[in-house]
C-alpha cells in the first residue's frame, strides 16, 4: 500500500494533496460537498407501475438520486439480465416525471451511446478492472460511480480511478461495497476502514453500498449509519416500494419507511462528525 | 450460520429470544444498558509514572474502564511480554487511586489466582478457542471480555461464549476486533456487520476494538464512531498520555485529546440511533 | 456450492455426468486427453530477438503451446500494456517458424478480429466476469482458456464457462491461478483443491497457472508438480530464455532448464496418478 | 514476510542456513530424512474393537505412525470431546500390540503428565498461539507436531515453533492444514505453496494434513499427492476401518484401501522429485 507521501506518485490524479476535494455534480446534486447523499432504488428496473411507485417513494423520503439496474451483471447466463434499453427508457421517464437524477450500470462500451440521458454511469464491481471500459468512460464527461471489486484492494481501486481520470474525466465517485472473506454472516464483508483510508489518500468522493454488504434487510441500516459515521459522502441503497415484489435482491431490499429513517439519522450523524 | 430460529438450539444460553438483554456490571460500570462504554488505556502496562499519567488522562476525558496488558500474548518469544505480576499490582494501585475499574488479559488458568482484584478478565483473540481457559473463566464469577479470533466466525465466537456461560458465568461481553483478509490498508478488517448481526442473535453486550482493526492512529476515530453507529455497546481503545512513548502498538495509539472527542461523538451517535 | 447431483441443473452444459470428458484441440495439441500439457512463454511478447529465442527454447524443452501477452491487463494506466497488434504479428511468425500453437489474452471484443491466427484465446482473471466478452468468445469457435478470477469461487468459474458454452462454443479450458487471501508468502494462494473438485463437477479440462500463484521463481516448480499430482490436465507457466531480461514478471519467470525438469517430472507424476 | 537473509534473525533457531536439516525421531520412525511419512488413524479414539481394527488396518497398508484424538478441541461445548484418559490408555495398548508409534493432541499443560507414553505430541491449529502451551512442550523432550492455525501466516507458524525450540526442544514437525478463505468448495484452503516456502526458510520437517483441508473424502487423495509433489515430508490423514462408523469427521475419512493407494503413490512421487 502506498504511503501517503508516495500517493501522489502512484496516483498522480487521484491523490489528495491537502487542497480542495472534488465535488461531483450529478444532475444538479452535489456529491462530496460535505452533505450526505442518498442514492436509492430497486436492484433492477421493472416494467409496469412498480418502478414509478418506488421512484416517487424514495424521492419523498429524501433520496436525491435514483438507482435502477438496466443491463445487469448476472453470475449465471440463465438469470434475468435486466430490461436493457427498455429499462433505460423507463429511467428517462422517471427523471422527467420526478425531477430526480438517475444512475445505472454500464457493462459495455458498445452501449455507451444509449446512456446520454443518464446522470451518473456506474461501473460495477465485476468490471472494476475492465480497463477498456474504464478508458471508455474516461473519454466522455458524464460522472462515473466506480465500485470496488470484491476481490480488489483499495490500491487497485485508486488505480482503476486513475484510468478514468487520465482520460480527462475528473468526475469520479468511489464506492466501497464489501469484499470476499471467510465470513458468511453477511452478504460481503464491508471494509469500513476503507472509507477513512480513501478519504486520507484521495480527493474523490467516497460512498458506501450497504445493501450488498449486508445481504439481508435488517443489517442495511446499521451499515448505512456506520458508513456515515466513518466519514462517507453518501450511500447507494436498494429500496423498493414493496420489497417482497422486487425481482432481484429482495432479501436485502428495504422499504421507503426504513429508508426515511436512514436518511434522517445519517444526516444527523454527518453533522456530528463534521 | 445458524438462522435466527435455530439460534436458540445452537446457542441455548447465548441466544437472544426477545426478552431482556444482559447488562454486565464491571466494577460498578454497567455495560450493555443502552449507554456507550469506553474502555481505554495503553496496550501494555509500563513501569514508572507513565501508567498513572495515562490512567488519570483517560478517566478525565470520559473513559469509564481502564485497560492495560500485563501478561501479553506476543507472536515472537523474543518480544517484550509484559510486566506480569508487577503489572497486575500497578493496576490495583490505579484502581485504588483513580476509582476506575480495570480490565487485563488472562492467558493461562494457572494465573487466574492473581486476578482477584481485576474487574473484567479479557480472553484475547488468540485464545478464543482455548477451551480449557474458557471453561476456567466459566467456573468463576468475574465478568469476561471475550475477543473474537481474527480467523474465526461469529458462530464460533458465540460457541466460545457458550463455553463460559455453560460453566455458570453469565457475565460475558463479546468483542469484534477485526479479521484476517487480503486487505493491507488497515491493521485488520473490522467486520462491522458482525455488530448488528450479533445484537440480533445474542442478548450479550457487544463492543468493538477499533485500535487493532485500524492499525494506525488516524483510522481509530472513524472506526470507533462507526462502531457506535452500528449499534455497539462500547469500545476498547488503545490510548497513552504520550503515544510516542508507548512500549507497544505506538502506531495505533491515540492521545487523550483524541479520545475525548471520540467519547463525546460516540455518546451523541448512540442517542441518535436509539 | 452446488452438490454433485445439483451440478447438472446449475451448469447444464459444463456439468460432468459420468460420460466422456471434453478434449480441446489447440492447433493440433489435445488438452484433456489424459496427457499433461505444458504451455509456456514470457509474460509479455517483446520486440527483437528475445521472443524467438524464448519460443525456440520452450519448444525444445517440451512445451507444446506457446504463450505471450500482447494486450496486457495492467493495474495502473501508467504501466507498459503490451505490444498490441505488433505482438500478435510476432506470435504469428513464431507459430510459422516453430510450428507451435499460440495462446494470448483477449481483453476486448473489439479486438477479436485480430485474433484469427491465435490458436487459444485467453480470458484473464480480471475479465472472468466480463459477461459481454464471455458471450463474444462463445459466439465463435476458437478454443478459450478461461482463468479463474482471484476473488471468485469455482461456482462462479463454472457459470462463467456456461456463458461461453451456451453461446455454442464447447472448447473451454478452465485455469486455476491462485486466489486472494491473507497469505503474503506467495503471489496468490493456489487453491489446489479446486483441481480435483472441478474434475468431479465438470467434463472440461482443468489446468493450473503456477507462476502467478508462486510469485517467485523458486516456488513455481513445486506448484507445477503439485498441480500434476492433484490431477490437472496441464500448466501454463512463465518462462524466458533469460528471466532477468523479461519486461514483466521477471521475479516469477523460470529458465528453459527449469522448465525441462518440470516437463519431465510432471509427465512422470501424471503416469503414477492415472 | 521475512526475506531469506532475514530469516536467521527472525527465527534464530528455526531458520535454515544451508546445512543439515532436522530429522525428528518419532518412536523409531524418522521424519524429515528424505522418505515420506504417513501418519493415519481416526479423528477420535473410539471405545470397543473399532480402534484396534483401524490401527491394524492402517499399519498393514503402510502408515508408520498412528493418530487418534483423545482430548478433542470442539467448537461447541455440547459436542463429544473425546475419551480423554481412557483414550490415552487405548493408544498405549495399540502401541504395544501393533508396535506402531502414536500421536495425539495435547490441549492443556495440566495434562502433559498423562502423555509419557505418547511418541509425538500434537499442538492443534486452535492452540498454535497458545504460548503457555508452546513453552510447556518446549520444556520437555518429546517431539512436537505443530499445526498451523487456520487464520495464521507461515511467519507466525515459524515464530510459534521458535517458542518450542527456544525452550530447548528441537524436535518440532510443522504441519500445514488449510486456511480460512472465501472458498467453500473444500473444508479449508490448503496453502500448498507454504510447503516449499517453509522448506526454503526452515530446517524443520514439514507435513500436510489433507483431510481437514479436503473436507470430503474424495478430495483427500489428490491433496495428499499434491503435498508429496510439493516437497512435504509426510502427511497426517484421517482413516477408519469403516468411515461410516467414525464418530467424528466421517465425511472426510478415507478407507484403508484408499490409504494404501495414497501410501504407494506418494512414495513414487517422492522418488521423482528427489
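Structure notes:
Letters A, B, C and D name the chains as they come in the text, with residue numbers starting at 1 for each one.
Just so it is clear, a residue touches a chain if its C-beta (ideal position, glycine included) is under 8 Å from a C-beta of that chain, and two chains touch if they have at least 3 such contacts.
In this text the structure is predicted, and so the values were computed from the model without any measurement.
Counting steps between touching chains, the shortest path from chain B to chain C takes 1.
By the document's definition of touch, common neighbours of chain A and chain B comprise C, D.
Comparing the CA-atom centres of all chains against that of chain B, the greatest distance is found for C.
One simple way to say how far apart two chains are is to compare their mean CA positions; for chain B and chain D this gives 34 Å. Centre-to-centre spacing of chain A and chain D amounts to 47 Å, using the average Cα coordinate of each chain. Residue positions 151, 179-182 of chain B are each in touch with at least two other chains. Taken together, the chain D residues at the contact with chain B in this complex read 10, 73-78, 107-110, 126-127, 129-132, 135, 149-152, 156, 159, 162-163, 166, 179-180. Residue ranges of chain C in contact with chain B, taken from their complex: 180-182. Chain D contributes residues 1, 151, 153-155, 179, 181-186, 189-197, 200, 213-214, 218-219, 222-223, 225-231, 265, 268-269, 272-273 to its touches with chain C in the complex.
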